[in-house]
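One structure follows; several queries about it will come next.
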Amino acid sequence: MRTILLTSALALATAGAATADEIRVLNWQGYGTDLDWAIADFTAATGHTVVHEYFTSEQEMLTKLRTNPGAYDVVLINSAYTAQAQAEGLIAPIDPAKIANFADLDPGLTANADLNPAGALHGVPWTWGLTALAVNTTDFPAPPTSIAVLWDPAWKGRVSVRDDGLEAVQLAALATGQNINDIKDMDAVKAKLVELLPQITTFWGSENDWNQFMAAGDFAVATYWSGSAARSIGKGLPIAFVVPDEGAIGWLDGLSIPATSTHPDAAHAFIDWMVDPDFYVKWDAEGAPATSNSKAAAALPETSFNRSILGDPAVVARVQFMRPVSDENREAYLKLWQDLKAAQ
Amino acid sequence: MAGSLERADRRRAALMLSPAYLWLTAAVFLPLSAMAFFSLLTDVPFGGRDWAFTLQNYRDFFETGTYALLLWKSLKLGLIVTALCVLIGFPFALVLAKAIKGRAREALFLLVILPFWSNSLVRIFSWAIVLRGNGVLDAAVNAILPWEVRVNLMFSQSAIVIGLVHSYLPYVILTAYLALQAIDDSLIEAARSLGAPRRTILLRILLPLSAPGLIAGAVLIFVPVVGSFMEPRLLGGRVGTYYGTAIEDQFVAVFNWPLGAALSFILLAVVLVILALATPALRKAPT
Amino acid sequence: MTNRLLARLGHLYLGLILVFLYAPILVMAAMSFNRSEFYQLPFDFTTDWYAKLWHNGEILAAAGRSVWIAGTVTAIATVLGTAASIALYRHSFPGKALLRALLFPPIAIPWLITGTAMLVFFFGIGLDRGTPAVIIGHVALALPYVIVVVSSRLATLDPALEEAARSLGARPWTVTRAVTIPWILPGIIAGALFAFAVSFDQFVVSYFLSEPGDSTLPVLIYTSIRKGFTPEINAVSTLIIAVSMALMLLAARRVRFGGED
């Protein structure tokens, strides 16, 4: 794989006069693309250097794209936002021919409708994962199997969910047996959330608070992201990740190239580097979300979190992947969430 | 002669005022005017979105009780925090200005503000370590008391108030100090030699003369606390939703700048009305 | 109560409040020497985080940039703010109340909104992102604090004092330098200290307006919170406080600004 990449990079370097570009990547901090060793290897192999800028919410990511034309070459976009970014003219189509590893990517993901707005690929599927539950194993010798554990009076005051209206509504949709992308019975969702709030000790907002609150024993059971759970387990927190019988919320992150990128070739090369199995296997050892590359997934050790839990077809069958959400629904969910929180 | 002097005065005043206010205009007032304009639209006027003029964003505040309820909660929080800061800060400033002499006074003056040359987020997480069950405060209390008590203030309104009082206490300490230190000691001596009891000196001399400082400090506390969301969110847990949270969410969770801007300007208007009503009353009260 | 007892009580009170003000700082410093990445107790001493910090060029560069920006902002905001305060004190003119009221929007409106507004406005007028834009934004946010604090000190200055100097033939600048500035010096210093604190903790403006790769310490902290920051942040914050404290205590020995004894 490396050799193919090296030759393609060499071909690129000889073909274009511009040999070494500085590319700018817009992503969450600490989310794979900014790993020191990965960037060092990439620069050694291609000559391109990489500078990062970070966002702290998807809305801010879009704002940064809108107000900084030409500033970025690669941007991480959750598939629920890819179509919006494309509709606003913020991102350009991807040329799969420039991505040597493209053939190894899961065809189900590369064909994902949300990554292909207007009939063209606008985001290379990179990672995916779940928003499900994590429990403190000192409180739960045997992990729970149902999402109802969040509503269990035994854990009142030691439950947490993320402070996010959309996620809260989708969680309640799962608990009431509904499709998270097409919620028919909002009254049931609301009633479920009304019951949930008194259970809550605090809302979490980031991996940072989550780890600290869990380490201090504030949480017995809380929603969590799969990639983060792998990382927290790796750092020694006594937790287990649970995908409840009712299902979990799935998300897919893609790497896109802004329409105003000034180094699209180097950007393609960087995306190719990021979906390479060599990179992924090393990243997985530090705690990573699941990969889009089938070869990379197959190369993981048997004991790897991503292989043992997310590699299980029975688990994947229960996942409901998040689709784009209209502004109206997003605002309505936020309003409901704010109303409930304000009443506390 | 008098006319030309006045003109020179006016020129000097303009010369001293304009750099600060031009700077504020370019970097704050004009950008905020753009936000005020957005608050009157149905959607932001870029990204190829359709927009029209509307007052709906302001109407939203009155049509749903949630925002008014949150603003009321935030105003109460602002009052509690301001009152506590003044009650705790004034005696500190008084001792510092009147009972500490020489170099120690300069050193203490600087040490009051030093903790705030740090990151507020790191400070809030440190408070969490202090306030939670089995935390530093719990351990300290149990080390002193002979019987066992459980102290867990985390995720409560008390935690929010403690965090905010901590963040804003230096403002009132320093502004009250600036006023108290300006009071001539001979004035207090004279009152004392005439037989005035301490209470009278405090109520008739120290409080009235330090009023400008106390008011400045109180304003610098009340105004930002009403819009705060970081301390409430991290320390308040389930009960940590305030008006600032509602504003922030319009920018972070959804892309509804018009509503977020409208909520901000309502906050500004309410705060200014309160200041306008309170300042004359505060100025008069101590005399 | 005797005066001595009262003084003792006063000192005790100062001590207690200082403990309160420094409590989170002490905890922050303690956690920079604790092994657990998640601030977990019991305490387990280590200097590893300092060793890691030493090799973390990103944090060190961000901290250096933050100090440099805050210093520049403090100098500009203090000079401009003091000049404006003196003019507001000395002269009465129509619209003065409005000028004072205009100080409140930047304090009352959450920084997130003001910062977003600056981003959109600067983008609209074509001002490039970078350190100058960051400093322009920080100074604007610090100015109201300086003006309010310095004005509160000016309120204690007897106008007769300036009048006397003027009637003795002193030129306006001489009056300012010889009478006004010495009197309000503690207020100017307090204003400068707040300006530094405002800039040093300012996240939103730096986040939106600094060049990619040029982050300040608050930007680094806020953007890394989603995936978690390590006690290296505590270590760098502890070092900054310790160095500042040493400098301040040195300054307190050398410079007089607390008024006469």
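The chains carry the letters A, B and C, assigned in the order they are written, with residues numbered from 1 in each.
Here is the rule we go by: a residue touches a chain if its C-beta (ideal position, glycine included) is under 8 Å from a C-beta of that chain, and two chains touch if they have at least 3 such contacts.
The model shown is predicted, which means the values in this text are computed figures rather than measured ones.
*Asks:* Once you count every C-beta pair in contact for both, which comes out on top, A-B or B-C?
*Replies:* B-C
*Asks:* Please indicate which chain is farthest from chain C, where distance is taken between mean Cα coordinates of the chains.
*Replies:* A
*Asks:* CA centre of chain A versus CA centre of chain C: separation in Å?
*Replies:* Taking the mean C-alpha position of each chain, the two centres sit 37 Å apart.
*Asks:* Quick check: how many Å separate the C-alpha centres of chain A and chain B?
*Replies:* Centres of chain A and chain B (C-alpha means) sit 38 Å apart.
*Asks:* Determine the centre-to-centre distance between chain B and chain C, using the mean Cα coordinates as centres, and give it in whole Å.
*Replies:* 15
*Asks:* Return the residues of chain C touching two or more other chains; collapse runs of consecutive numbers into ranges.
*Replies:* Those would be 39, 116, 120, 222, 225.
*Asks:* Mark out which residues of chain B touch at least two other chains, giving numbers and ranges.
*Replies:* Expected reply: 125, 134, 251-252.
*Asks:* Give the residues of chain A that touch two or more other chains, as numbers and ranges in rising order.
*Replies:* 56, 205, 209, 212, 216
*Asks:* Which residues of chain B touch chain A once you look at their complex with the stated criterion?
*Replies:* That would be residues 46-48, 64, 66, 69-70, 73, 125, 128, 132-135, 154-155, 233-234, 236-241, 245-246, 249, 251-256 of chain B.
*Asks:* Touching residues of chain A toward chain C in the complex: what are they?
*Replies:* By the definition above, chain A touches chain C via 24, 26, 28-31, 51-56, 63-64, 67-68, 71-72, 205-209, 211-212, 214-216, 228, 231, 235, 237.
*Asks:* Residue numbers of chain B touching chain C in their complex, please.
*Replies:* Counting only chain B, the residues touching chain C are 9-10, 12-13, 16-17, 19-21, 23-24, 26-32, 34-35, 88, 91-92, 94-96, 99-103, 105-127, 129-130, 134, 136, 166, 169-171, 174-175, 177-179, 181-183, 209, 212-213, 215-217, 219-220, 223-224, 226-229, 244, 247-248, 251-252, 257, 260-261, 264-265, 267-268, 271-272, 275.
*Asks:* Please output the residues of chain A touching chain B within their complex, sorted ascending.
*Replies:* 56-57, 59-60, 62, 66, 87-89, 163-166, 197, 200-203, 205, 209, 212, 216-218, 327, 330-331, 334-335, 338-339, 341-342, 344
*Asks:* Which part of chain C faces chain A closely enough to touch in the complex?
*Replies:* 36-40, 116, 119-120, 123, 129, 207-208, 212-213, 215, 219-220, 222-229
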